[in-house]
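You will see chain A twice below: alongside chain B first, and alongside chain C after that.
So, the complex of A and B:
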């Protein structure tokens, strides 16, 4: 392998992790836009999605069926959480909201521990096949699936929010909850929808990487934290910002690991986050909105 | 009755002093459990100064816990300094970091502040993992000696128990003092309405910075005590999950009351001792308890105790 093919290799791995970060960030942004809370339980949906799929395929279910069932299950769990818990605490302070989602994440992680135990599991790839060679770099076929699924999901989100009535209602609700409810939009339904979407996408992020990573009940923390970073740098409320920063984050990480230092790549990434927060709190892609009184 | 209300802290002191020979049964293990509890009481109370009084959210309190622990660990294990000197150096370093990042970070609000403190926690932990030659990296730092004072080593957990709880008592007392001082009142004013506080001529940024440094100093002390008790440090003990745990103690016990977070820490750290047969259920149980407290008892365990006391004695707590 020459220098150039190394760079290509880093690009592929950056794109792979970037897809996961982008999906996690998008799932966080969708929930934030509508419920105005950052969900610390999003990593648990990542785990639930991945491990459900591993279990279903190991029970002999064909991959497409396992895929669909896992998404449905994770979405249902997310909707249930919103319906039973989040709705009760809508008016609490930010500190309480954060701790509530932490409590939910503890409970879900505990549940995952009871169901799946402490062992890590890996799922079979979506399609069998040998690694592909591109410009001297090797590419797992699963990586194509990850990127393909990510693009499809992003397209679906765009279509939903721009072209469907329900999506436009959700945007209205994110813009102005009172105004939206005066126009006859059920804000409760919209919040439920947002949570279902968010948990489904979070689960999807776990499912697409399940063939590449060993995942166990506690594996959701790091993807979630990286999702936080992408979301915060993207400006908390911007889906496009979250996607772009998600991919950028994956690439920056992959190139710093490859070219600079594998030990300090996370230090660098978190330092970038701290600097962006301090110097441009509205994010690199968010509209700057002054909150001073 | 009035005497009990006035001198109840003497009762607490007696309970702490009598624990090892009575309930503790002079067992090093049982005193050890209480050492952990004490360390977490310090952490929870120090975070309460920041979050409960000043309303500044932190999802990264373990950063200062880590700095204190590693300062003590490295200085005593590798350079052979006295534990007291190492503890003070840890405090100096923690205070310095808090001072340096305080002003820009504390200007942030709500989620932005939460994310920034989380980032700080991760920066410290990844640095600890990365600087392997100094900290032992991911495989940990070994051979930290027991705490000693003027040449007298506290290598018996029962003796160390008294050191830790003496400090816990001082920290709680000092924090109560802070909460009732003009400084604490100012913080509460900033918490409830920063704009109003500003119009009264309060330099909000300076007060926030000071309470941040104070809570970092306490957390650093907790870290030093932890390092000498464990004798071994690994970066995992200081991750965001630890910060989240401290946060949970605050809300479980009743945020903003000093006593509450202390109770929360005691409860959450003692719970595993009673549920150890159901270890796999512990996470789920923690989550459910916290959900129930948040939804039905927003004032936490301390709130429940207070209303119980009101019912028994028939006086209003002030």
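So, the complex of A and C:
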């Protein structure tokens, strides 16, 4: 093994970790973009998506069918949560709303515990096959799936927000709720839609990442925290920023582990977060919003 | 009209009185019945003497809940078997079980409650060094014997605590003994960040020279990390013949998976906390050699005929399979031992005095249990030896006996 091959291994390790963070950050940004709300229950959708898919495939359902069904199910749960809980307190302060999402997160975690029990699930990779060897380093094929899915999701989001009426309505809503409603846009529908989208993507993240990890009812916390950090560094509203910082965080962590010490990886990540928050509070990719007073 | 009304009133009054009389009569009848039963009970009370109450603190919910479940099953079954055989000194054992929610604060509160309110004669439980340490400290303050099961290192001041888990030292030196036999001398450490990793690292470095092993390098990892290949790549450059990782559950399984991914075909030793059906499921499909130090109960069929623990283990394993429909494991066996050790102490001392009970447990010698043969003494409150541990590995998705 030469020096070069383990530098590549660090890169692959970073890609693997980063892909988890990136997808999670995207799902957080979607909800935030439309409802200006950081949803702390996103980690639970990650778990629900992954575990539903594992259950369905273990019941003999083919992978693609299980995939689609799990997304539909998680999206429905997300929409239900918005309709039943969030909408009622929509006009309260952001603090109340965030506390509400934390409550939802705990409730969903409890629900997952009831349904799936305490033990971790093993999920088969989407395509069976040996790890890919590149110059002495190895990468799991599943990581390519994750990157592929991330690109697809990015494209779909871009298409949706830029090219469709509903997407433009959602952006308008985020910009100015009152204005949007005066223009005849149903803000309620938009919020419902954003939650459904966000939870669907959260679940998708869980489903594609599951084969790399061992998912159990409490597994949503780590991706949620790291996804949130990626989102904050990237600028709360930038989807591309969330993806780039997600992968960057993964790479920073793995190179820190590889070249400095495994004990410093979290320290360095948080230091970066602090610096960004102090010197560029809008995030690396966030447009600094100037509002007229 | 008025008379009619009065009449009606009188009739209802009488009926009311009648019904009250009836009620009184029924009540009297019941009272007599209860009294009769109580007095009868008093006559046959020779068989139903007051039970020995044991307090059991278990992590039934929270992050250790998987462990608490096995512990509860083991303790329940052992108590049931002992009671079926006539109890201890003709008195039944009663387990009072509480859920510590995997939290040391709750465990402290429950241990206090067991002692002051439930008036138990001894305590046992629970998971991890921190939580069982909390139980130990309550027990010592109240001078009530406690048998804990964890990696908690007992201090000399804790004279009322026993720890019937295998020592951490054994769990690390046992695989090293195996390495020495196989000519493995170059070992790398991959430890979780945190106290458990520090402990594992310290013990491994302490015993390595004894077994002629060189620690070629050490890396740390975050137990929540989704990938550990970076650390493994670093260790690979040092050409180790085996990797030791003192970690349990998902992170241990992730290490095995990442090693397989990188085609590192060297043995991976994980902690003795992994001998569970849950862990087996996690690594069943992973190629490579995972070594788990454990107790003999995990491979009863491989025990030598003359093994003193064979009879106890075989019987417990059989009853466990019948009762719960799953094989007994390390943790259920360990908890069953805590019940039997307390029962043995009670049998010898025949007294409800906690100090005498402590002394009796302290003097238990050659007592076969699921975890090995216990030889307690005032200086050894753990009782088992390194030879009481076995090494397991995984073949064809099942636990297999390695040594």
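Note that in this section the second predicted complex is superposed on the first by the 288 of 293 C-alpha atoms of A that agree within 3 Å, B and C clash if a C-alpha of one lies under 4 Å from a C-alpha of the other, contacts with A are read in each partner's own complex, and residues count from 1 in each chain.
One rule holds for everything that comes next: a contact is a pair of C-beta atoms (placed from the backbone, for glycine too) under 8 Å apart; a residue touches a chain by one contact, two chains touch by 3 or more.
All figures in this text were calculated on a predicted structure; none of them were measured in a lab.
Q: Using the overlay on chain A, decide if chain B and chain C clash or can fit next to each other.
A: With chain A as the common anchor, chain B and chain C collide in the superposed model.
Q: Answer with first, second, both or neither: which of chain B and chain C does A:17 touch in the superposed model?
A: After superposition on chain A, A:17 lies in contact with chain C alone.
Q: Which holds for A:137: it touches chain B only (first), chain C only (second), both, or neither?
A: A:137 contacts chain C only, not chain B.
Q: What is the contact status of A:266 with respect to chain B (first) and chain C (second): first, second, both, or neither?
A: Both partners, chain B and chain C.
Q: Quick check for you: in the superposed arrangement, does A:254 touch first (chain B), second (chain C), both or neither?
A: In the superposition, A:254 touches chain C alone.
Q: Touch check for A:119: first (chain B), second (chain C), both, or neither?
A: Second partner only.
Q: Using the superposition on chain A described above, determine whether A:151 touches chain B (first), chain C (second), both, or neither.
A: In the superposition, A:151 touches no partner, neither chain B nor chain C.
Q: Looking at the overlay, what does A:6 touch: chain B (first), chain C (second), both, or neither?
A: A:6: touches chain C, not chain B.
Q: Thinking of the overlay built on chain A, is A:100 touched by chain B (first), by chain C (second), by both, or by neither?
A: In the superposed model, A:100 contacts chain B only, not chain C.
Q: With both complexes superposed on chain A, which partner does A:213 reach: first (chain B), second (chain C), both or neither?
A: After superposition on chain A, A:213 lies in contact with chain C alone.
Q: Among the options 109-117, 217-225, 235-243 or 361-369, identify the stretch of chain C whose C-alpha atoms clash with chain B after superposing on A.
A: Among 109-117, 217-225, 235-243 or 361-369, only one stretch of chain C overlaps chain B, namely 109-117.
Q: Identify the residues of chain A that lie in both the chain B contact region and the chain C contact region.
A: 221, 261, 263, 266
Q: Which stretch or stretches of chain C touch chain A in the complex?
A: My answer: residues 63, 65-66, 69, 193, 219-222, 224-234, 236-237, 249-250, 253-254, 261-263, 278, 281-282, 284-285.
Q: Going by the contact rule at the top, pick out the chain A residues touching chain C in the complex.
A: That would be residues 1, 5-6, 9-10, 12-14, 16-17, 20, 118-120, 122, 131, 137-138, 140, 209, 212-214, 216, 218, 221-222, 253-255, 257-258, 261-263, 265-266 of chain A.
Q: Going by the contact rule set out above, which residues of chain A touch chain B in the complex?
A: Those residues of chain A that touch chain B are 38, 40, 85, 88-89, 92, 94-96, 98-100, 102-111, 113-114, 221, 225, 228-229, 232, 236, 261, 263-264, 266-267, 270-271, 273-274, 277-278, 281, 291, 293.
Q: In the complex formed with chain A, which residues of chain B make contact?
A: 51, 55, 57, 59, 101, 104-105, 107-112, 114-116, 118-120, 122-123, 126-127, 129-130, 132, 195, 240-241, 244, 247-248, 250-251, 255, 280-288, 290-291, 294-295, 298
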